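In what follows, a structure is listed as structure tokens, so that the remarks can point back to it.
Labels A, B and C are assigned to the chains in the order they are written; within every chain, residues are numbered from 1.
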Amino acid sequence: MVGKWIKRLYTLIIFGFLYAPIAVLAVFSFNDSKSTAKWEGFTLDWYQSLFQNDYIMKSLYYTVLVAVVASAVATVIGTFAAFGIFYMKTWKQKAILNVNSLPILNPDIVTGISLMTLFVALNMELGLMTMIIAHVTFCIPYVVLSVLPKFKQMPSEMLEAALDLGATPFYAFRKVIYPEIKPGIITGALIAFTLSIDDFVISFFNTGNGVSNLSIAIYSMARRGIKPEINALSTLMFITVLILLLVLNKRTKIEEI
Amino acid sequence: MIKKLSSGPYLFWIAMFVVIPILMVFGFSMITTNSDGSWQITFSNFTRAFDPIYIAVLARSLKIAVEATLICFFIGYPMAMILAKMNVRFRTFAVMMFVVPMWMNFLLRTYAWMTILGKNGVLNGILSFLGLPQVQFLYSEGAVLLGMVYNFLPFMVLPIYTVLTKMDQSLIEAAEDLGGNKKIVFLKVIFPLSVPGILSGVSMVFMPAVSTFVISNLLYGGQYMLIGNLIEQQFLVINDWNFGSAVAMILMLLILVSMAIMNRVGGDNPEERGVNLW
Amino acid sequence: MSDKIVKGLNITKEFGGVPVVKNIDFWVKKNQFLTILGPSGCGKTTTLRMIAGFETPTSGQLFFEGNEITNTPPYMRQINTVFQKYALFPHMNIYENIAFGLKIKKASDKEIAIKVAKMLELVNLKGFEKRSVNSLSGGQQQRIAIARALVNEPKVLLLDEPLGALDLKLRKEMQIELKNMQKELGITFVYVTHDQEEALTMSDKIIIMNQGEIQQIGSPIDIYNEPENAFVADFIGESNIFHGTMIKDFEVAFCDKTFVCVDKGFGENTPIEVVVRPEDVRLVPATEGLLTGIVKSVVFKGVHYEMLVAEADREWMVHSTTMEQEGTLVGLFITPDDIHIMDKEA
């Protein structure tokens, strides 16, 4: 019986540890003062100034833009890549998968500076374009890794069976292969999207020209000290994430049934 | 034919934006540029990296990363066990709640600790409320460690949790049936079977911890340098790309080698962990 | 136009420079049940996949009803395949699986419904339309795979070890069903298997392959009775194979004895190989035998006993409906027409 209470207490402490910082941010986002030490009364001012902050709003726009474009491009390239890789010879497949895992295993900072080196060498101006390319680069491997197992799980000779019954390769892909690998594509796209939204390090080295994403905005503001607008922003983001996860959770449960 | 064509764009992309950039960094690390613009091949960037100052940086990075990994493991393993043993209905919810903070922006999570640990932060607010003297929590090694543990703890818990829930219950029952008490069952069956999860967790904590420059920048400030900060500084501030590249190559080698060792130790199923290296 | 519906000329297929099928010629006649038989890795499945269009020959030509189809993609061929592991589309129900090919041909819904129903009746799975693929047993999935191919009314149906995954009893049943279906529908079947018994029961003609080469083409009876070489003899049923010498026409020496036989034309004193089927060896009292030996082991096989007889330093396998005790001295008797002579393999 004692063990049970110890477990509960332990769980409580850990969850407290995880949520305390978020709770602090949320509470002080309503504080009528710049301080994060003392409660000075309720206000929504910080939310207002958050939405009036051009820099943050523009960063939000770029974050979403880059995430949508990069995850879409990465998903398409990665899915077709997985198709090709699946039908490759074993040794070739192994070699490519090893290269594929490089951006995953490599520290972000190494990926970041190496891409920057390339862009500078190519005389490309760092900005939106380079950031999108960088994001596509680190997203593709995850798409490949989530789609490839679906090909492997696919009953053997699926493609041949469809071609045999008169389907053109394109028709076969659409009607037979795509439905089989769809869950993998969706997972891959979601991973790509979240990675892109969340990325800081690689973006940090590969952007410029006034283009920045939310992570970069938060970083540069945080370096200059506490900004209550960031408190407001994190509260909003937390709520968004929570709702998203709850919805996703519910949806997957329904799908499972 | 179609099968071959379909991976074409990917192969181009990977070659162009993964392989070539890494080769370029390697190339940069092997040359020095003279003042007249000419360059020559040299090892000096690497020998420089073994100066005592930089060795200290590397050692500090490793030390903190190892500490963070160990703390995450000792805090995380019991948590994973508790989560795995919850009844299914409550478990899904609990795991989800565990994941939610991880989905928050990494920078925000780190920033949150600035507001807590800062000079005018929550902790000091509480101290002064209690009439105690203020303490400088922020900008210390401890703050960096805390930031790492906070950010990376879920990466340790989730793989272990996954392994524990997937474990074949009949193995545990068999061990009990053969007379093993709780302690023996844990030490001889559960723990050894959870090693793949632990390895996965360890690498998922150690890797970002050893290479971060964000946590140290925000929670320690500029002067304190981890290997990540060193690279960032060389590229963005000091503009010595050759030396920066050399340090980056060392970091990359360090990570890839430790991953390869882990895979060897963990053996059988690298694909399950989404990691595939030689 | 001849009645050869599929014809292969000098077909070679290499994978990464390694030849898997080596310069083979073959043809399939209309309405024939042709079996390509051989051990795994002999090139039989590759040959089938070339006929289906999944692989393109490295060299050589393929003809279908007189027209060259060497490079025609699979979806342009009037040939359908039943796959070894069925390859049913798991995200579609039974009806949708069978209707797949018809939909591509833009058949009307009504036509599709009628044809699918007819097919399900043919394979004895009436009323299974709405079932999911995963709810079916292996045997049922196999029938659906056959229905899915046949509904397109192919001129040739290719079957790649279709019964390999089924248990013995079901396999026997399906063998008979398949044969009946082929007769009833009048479709050419090209059947790939490594099971010699299956091949002998079902086929009109058998092609035996080994290491990418055709060893023999013939009717089941020809192949069983007159194997052209030791490989075929060994592969088609268990056999006693001995080295021997053809002394002259109608006289052969093996097992240290001279026998009368029915073969001729091998020349004089030519080294050859001799095949004697286990069921062709009669056990007689030791004094009456052409050879004598001691029974080493006896295994009851249901219909007959399988006995190993040690004769000098050789072993004979004998099938007999009567049993001899282990250790008994017995005589072996073989009639001249049960001695099969084959060229010595290079």
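Methods note: contacts are C-beta pairs under 8 Å (C-beta built on N, C-alpha and C of every residue); 3 or more make two chains touch, one makes a residue touch a chain.
Composition by chain, UniProt nomenclature: A, B = ABC transporter permease; C = Spermidine/putrescine import ATP-binding protein PotA.
Quick caveat: nothing in here was measured; it's all calculated off a predicted structure.
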| item | value |
| --- | --- |
| Reference chain C; chain at largest CA-centroid distance | B |
| Pair of chains joined by the greatest number of C-beta pairs in contact | A-B |
| Core chain by centroid distance, with centroids computed from Cα atoms only | A |
| Centre-of-Cα separation between chain C and chain A, whole angstrom | 55 |
| Chain centre separation in whole Å, for chain C relative to chain B (CA means) | 59 |
| Length of the line joining the C-alpha centres of chain A and chain B, rounded to whole Å | 17 |
| Junction residues of chain A, two or more chains touched | 169 |
| In the complex with chain A, residue positions of chain B that touch it | 2-11, 13-14, 16-22, 24-25, 28, 75, 78-79, 82, 92, 94, 96-101, 103-116, 118, 120-122, 124-125, 128, 150, 153-154, 207-208, 210-211, 213-214, 217-218, 228, 231-232, 235-236, 241, 244-245, 248, 251-252, 255-256, 259, 271, 274-278 |
| Contacting residues of chain A [partner chain C, same complex] | 89, 155-158, 160-169, 171, 175-176, 179-180 |
| Chain B partner contacts - residues on chain A that touch it in the complex | 7, 10-11, 14-15, 17-22, 24-25, 28, 35-38, 77-78, 80-81, 83-85, 87-88, 96-111, 113-118, 121, 133-134, 136-137, 140, 144-145, 149, 169, 194, 197-198, 200-201, 205, 214-215, 218-219, 222-223, 226, 230-231, 233-234, 237-238, 241-242, 244-246, 249 |
| Of all residues in chain C, those that touch chain A in their complex | 16, 49, 52-54, 73-75, 79-81, 83-91, 100-101, 104-105, 148-149, 152 |
